[in-house]
Amino acid sequence: MHIGHIILISPAIWMAFAAIVVLLLGVVAAKRPDKGLDHYFPTQYAAPLFTAIGLLLSGAVVWWSLMLAGVTSQAAINGEATSVSATGLFVTSGGHAQLTVDPFAAVISFIALAGTFIVMLISLEHFGEHQAHKAEYYTLLMFAAVAASLAAAASDLIAIYLLIEFLSMVSYILAAYAKTDRRSAEAGLKYFLYGAACSAIMLYGMSLLFGITGGNTSLSAIAAGFTIGGAASSGIGWVAIVFTLVGLGFKLALVPFHFWAPDTYEGAPTPVTAFLSVVSKAAGLAVIVRFLTVVATPGSAGTLAWYWILVVLTTLSMFYGNLVAIWQRNIKRMLAYSSIAQVGYIMVGVLTAMHVFTRSGILMGAPDASVRANISDKLLPWDIQGVLIYLLAYLFMNLGAFAVVIAVGNRLGSDSIDNYAGLMKRSPFYASALAVFLVSLAGIPPTAGFLGKFFIFGGAIKIGILGSPELVVLAAIGVVNSIISAYYYLNVVRLMFFTEGECKPSIVGSAAANVAITISLVLTLGLIVFAKPVSDLTAKAVYTSSPASVTTPAER
Amino acid sequence: MSHSLAYGIPISWFLTVGAMLFCIGLFGMMVRRSAIGMLLSIELMLNAANINLVAFGSYLKLPSIAGQVFAIFVITLAAAEAAVGLAIVINIYRNEQHIDADKISVMKM
Amino acid sequence: MHIFGLFITGYQVAFVAVAGLTVLAAVGVVLVPNILRAALCLGVMLMGVAGLYALMNAPFLAVVQVMIYVGAITTMIILAVFLSNRVMKIGFFQAVYNPLLAAAAAGVMFLFLLVTVANSVWVQGIVEKTPATKDVGVQSVATALLQPYVFPFELASVVLLAVLIGAVVIAKEDTADES
């Protein structure tokens, strides 16, 4: 490992450090509640500030990892290196890395930190000044961000297990954080029990994966063991992969593993719900993409049992999430169910990516255009970066929607959809912002959600017509589901704009909520303006990423 | 020691015990009616995985210490997980102790 | 020794005894109605697993198992049972109301795992007949923890810190003077 590469995980290191500082600030402030430190530098403002710094660092890392990947892919072309990535961290003597901070991981990590930042802003609105244990709350949120941003890079079974559990355990605590609210406590307990069971099943799968691939924990070594030994076609290999996917499916709330989601989303404090629905899912998606594209792709995707299982689960997630969301009268529950469907859309992108890799026989990171052209000139350039673009869009539109829901819910004391009737009269800003977010979630142009769906379904169709009709079918199902979802999303818009609510005073939220909503609004509308640079960046991120770090000889 | 301890015991015996513990744990998850009972079942499943890890680690043709290392991390996380779960249970208990309710579920399943 | 014409080693006898105890205790964990006794069964089960580790030539892990799992986790669970006895009577999670159905499902899963995992001919091809005796002790574990696995090792401390903070916040009784 090059010591300079530690900088690649500097956002996570900084966040862990800052989390402890926030905790200490809280301890010091608690000594003198009225004057003292808290008066001049309140803990609840320190946390978003530190996270903003982490976000800047993360942005720098995205840039730097792209540059590094560019350098090493150039070296690969010149025959100086055996493989593309030199950005693996904590590389063992076998040349396998615990972490692979490729541009893909860097972008996901950036998304995780940006999400945490917005969640902190809406937490300020939700909890107000006098939150119990506020220092600990923000500390835990920052630790969760550490876990999410590192999980995106994890390329070793032990690291993956540790980071998924880290993220999960902090999430259980955050879900139960409103201690005196029995719904929050119950949300935490449900989330904990189902989560711990699913992670135990995942661990059982990992233990088999470890065994049958010759005692390796590194994903790249496991991938090698999987293809060479014929382990993939054995029953035990099947059990190993499917059990592992259970734990990852839980983090994503894919359909058979979704049962915790609605209750937890409704019961948890709303900022935590927002965190779970965006940051936690982004981390889970990063791990599942890495896992599926590295380990689970021997031979062709079409021949793999778990590929078809995932196709079915993706379909079910889309339909179930949308059809159940229609009937919800509580906006948090509606967003919870719709987020199950949203993950279904993203999974279409993941399956497309899985197909691209198996079809072309490359891993993420064909060195450059000339090499890629040899593999297939039809795989350029916007077929698999849909996952990243959709995640970016989803980050802003979903968090934005939650920000409005919190600001409005705090003033109205209820999350019932009926209360949104006539919101336009009471708060034009919130009503129009929420309308934009919901229209974007429905995937209607010209919003970020449309851009994401365009890339995901476009990519699926593009790969699908090369001989995988199921991807075309999935894209079609996705479009049908977008239309279904438009029904209940636009219903809220209709209520806000075209019905008369009770005449009540106008709603004015806190500055923090307004900042969060404004940021989300600008990016939800702005992403499509920057479609070209975003597309270029994500394409570069995907194509220069190597999911399993095999380092260059010089690196060892 | 001059020869292996588990002389005459093939790996499948250990894997069978692991599978048994895993399935007993699954059964417990399905029938246990209390949070702590479910937590106990989860511990069974974690131990099943650990037995697999250690068995593979020491039986493979190229033995790997990683099996034991993985198991140590699992034990560490199991301790942390139990702490989180029990904290949540104790908190629920405190919320509920003034209310004589048979069910605490206030949300529809 | 020979029993009914079968050659049986002392280790096999030890395995059957330890494994039998482990599985029996595990059944107790899920079936004993009294949660305190179930937790004690868990302690026995965990001791049994420690015995299995010892049989697999993982003595350090056996010690870790006894100290952390039996010594700390089981004690913590029993303490929690004492602290929150009434929660135990509350049922709201049960997924399968018919225990026979659950037993059938678990049994099918076990048969499935037996065929695919435990009895896999394929697995027999990649393993030795006996566990390794070299490089299994404390020293190799320490080397592995501090060299290839130093990242998870360091990360585990962060995890424990975060969980410690969270568990204390959730479990702590808030006094009136704290807002």
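Each chain carries a letter (A, B and C) given by its place in the written order, and its residues are counted from 1.
Heads up, the rule we're going with is that a contact is a pair of C-beta atoms (placed from the backbone, for glycine too) under 8 Å apart; a residue touches a chain by one contact, two chains touch by 3 or more.
Since the model is a prediction, treat every value here as computed from it, not as a measurement.
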Category of the chain touch graph - line, ring, star, complete, other: complete
Which of A-B and B-C has more C-beta pairs touching across its chains: B-C
Gap in Å, rounded to a whole number, between the CA centres of chain C and chain A: 32
Cα-centroid distance, chain A relative to chain B, in whole angstrom: 28
Chain B and chain C: spacing of chain centres that average the CA atoms, whole Å: 5
Two or more partner chains touched - positions in chain C: 93, 113, 117, 120, 123, 126, 148-149, 152, 156, 159, 163, 166-167, 170
Sequence positions of chain B contacting 2 or more other chains: 18, 22, 25, 29, 35, 38-39, 41, 50, 55-57, 60-61, 63, 66, 69, 73, 77, 80, 84, 87-89, 91-92, 96, 104-105
Residues of chain A engaged with two or more neighbouring chains: 158, 162, 165, 169, 173, 176, 179, 188, 193, 208, 211-212, 214
Partner chain A, residues of chain B touching it in the complex: 18, 22, 25, 29, 35, 38-39, 41-42, 45-46, 48-50, 52-53, 55-57, 60-64, 66-67, 69-70, 73-74, 77, 80-81, 84-85, 87-89, 91-92, 95-96, 104-107, 109
Chain C-facing residues of chain A, complex: 16, 19-20, 23, 89-90, 92-94, 98-99, 130-133, 136, 139-140, 143, 146, 150, 156, 158-159, 162-163, 165-166, 169-170, 173-174, 176-177, 179, 188, 190, 193, 208, 211-212, 214, 229-231, 234-236, 238-239
In the complex with chain A, residue positions of chain C that touch it: 93, 112-113, 115-117, 120, 122-123, 126, 147-152, 155-156, 158-159, 161-163, 165-167, 169-170, 174, 178-179
Of all residues in chain B, those that touch chain C in their complex: 1, 3-41, 43-44, 47, 50-51, 54-61, 63, 65-66, 68-69, 71-73, 75-80, 82-84, 86-94, 96-97, 101-105
Chain C - residues contacting chain B, complex: 7-9, 11-12, 15, 19, 22-23, 26-27, 29-30, 35, 38-39, 42, 45-46, 49, 52-58, 60-61, 64-65, 68-69, 72-73, 76-77, 80-81, 83-84, 86-96, 99, 102-103, 105-107, 109-110, 113-114, 117-120, 123-124, 126-136, 140-141, 143-145, 148-149, 152, 156, 159-160, 163-164, 166-168, 170-171, 173
